[in-house]
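First the structure, in the form of structure tokens, and then the observations on it.
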Amino acid sequence: MSTGADFPATQSWLAHRVSYGETDAMGVVYYAEYLHLFERARSLFIRERGMSYAEVEKRGVFLPVREACCRYRIPARYDDELWVRCGISEWRRASLLFVYEVHAQDRATLMATGSTEHACVNAEGKPVRVPDWLRGLFG
Amino acid sequence: MSTGADFPATQSWLAHRVSYGETDAMGVVYYAEYLHLFERARSLFIRERGMSYAEVEKRGVFLPVREACCRYRIPARYDDELWVRCGISEWRRASLLFVYEVHAQDRATLMATGSTEHACVNAEGKPVRVPDWLRGLFG
Amino acid sequence: MSTGADFPATQSWLAHRVSYGETDAMGVVYYAEYLHLFERARSLFIRERGMSYAEVEKRGVFLPVREACCRYRIPARYDDELWVRCGISEWRRASLLFVYEVHAQDRATLMATGSTEHACVNAEGKPVRVPDWLRGLFG
Amino acid sequence: MSTGADFPATQSWLAHRVSYGETDAMGVVYYAEYLHLFERARSLFIRERGMSYAEVEKRGVFLPVREACCRYRIPARYDDELWVRCGISEWRRASLLFVYEVHAQDRATLMATGSTEHACVNAEGKPVRVPDWLRGLFG
């Protein structure tokens, strides 16, 4: 999993305020919620490159998640302001790998790290080569 | 909202174990989770009448929620076994009203009550008369 | 439920981008997610008055939800930018009523309306009079 | 990640019906929901050994998640009946590793696999040796 040192240069930062609904009875953000944060960061990342993921789908390309991992370091709590950094660390023929870091408000304290591997498929779910226009967005 | 006394005779009971992911930092089940419970109870109710909601949709009938209400009486906690009772209290021309009760494990202590009003629409989202075969399921 | 015309003058607007995780197989925002939106808007509303809800709790005052209602008018979709307006429409001795409106990006198209009634309790869960410092925040 | 062949012999199977609230606009179960399923399977696994996780916490032992991974193979859909298998694949001094498999109704078609690594900590969050009574439950 990525550390701050080698995070991909093309990246986005999502600001996120922790709501009550994201916490659990331990008083901290429930572990599944980080995957929601990753998705929000991923969407923002694509949008900031000039195209929404909704638009990607309209062009007939879908990026279903094949694998997701998260490493939890410091628990986040209600009302915390978090910053989620997102980038793409690897392009393969028919898949790509997003990496994430969840930081505290200071953007320096690392709370969690993660990654999601996405297949590139068409509307029928068949794997397809990552189109150049998609790859070009992040160039 | 319905009390036990006048709950519709045709009804289903859903058993549900509270998970950590449903609780919040107050140590109790988060308020939005009750709408998930209502949906689970509603699906079970339809399934126990002999047709899944998926099948209802395949026949071209959709029942989007128009209004949902929940009254919270006693908070539920992690690992509680809850019993959710569901019935239909009212049929209108192009809509229907489901009612719910969330009980403790004893099926006697009322933790919450609620209702959801559903429009009856076709695949294009246009309101349609509640079909006889749907109404007949609950007869 | 409130319409735009008589919305309380002291109010906050929360901007919210719809994520994939908030949608369901009908392609629209799942009905329980609106209660999460209401909570986010409520927290922002309190924070914008100069105090976080976390701080309210530290002072020994808790505002558990007693009843929540939502009326759904126009479904929201993935990637929509929503604006959630929140205000307090009623103060009672030991409870208060928040009201909400969910708008499209234009802040004019009303997608949903709702309300939540909150008890005012102490750390032991006993109802207490709404403290003056709390009421004063919204004065 | 574990395949069926070498799944730990001490195991539990959780039955789970997919609700609408767990699906997303792609028509399939949203990827974060699998971590909720894992938690439900884990809780059942502990409960079937004769102790609830709530009881584990009452004895002063907490098992926060340090890392979670999920590999998605076949998407699950609304109303599917899933079976989630859970076991412990590894005990370390102050941590343990749960593994999961999500199967279709036939308990043979593998939809997803996953794992969660848990630290063993006391009420102050300090790492402690896995107590013998905990390990003994799964013996």
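Each chain gets a letter, A, B, C and D, in the order it is written, and its residues are counted from 1.
In this section, contacts are C-beta pairs under 8 Å (C-beta built on N, C-alpha and C of every residue); 3 or more make two chains touch, one makes a residue touch a chain.
The structure presented is a predicted model; accordingly, all values stated were derived computationally and were not measured.
Each of C-D and B-D has its own count of C-beta contacts, and the greater count is at B-D.
With centres defined by CA atoms alone, the chain at the far end from chain C is D. The distance from the centre of chain A to the centre of chain D, each centre being the mean of the chain's C-alpha atoms, comes to 23 Å. Chain centres here are Cα averages; for chain C and chain D they lie 34 Å apart. Taking the mean of the C-alpha atoms as each chain's centre, chain B and chain D sit 28 Å apart. Multi-chain contact residues of chain B (touching two or more other chains): 20-21, 26, 28, 32, 35-36, 39, 78.
Note for the complex: chain B touches chain C at residues 26, 28, 31-33, 35-36, 39, 62, 64-72, 75, 116. Here chain B touches chain A in the complex through residues 20-21, 23-28, 30, 32, 77-78, going by the rule given at the top. By the touch criterion given at the top, residues 17, 19-21, 35-36, 39-40, 43-44, 47, 52-54, 78-79 of chain C touch chain A in their complex.
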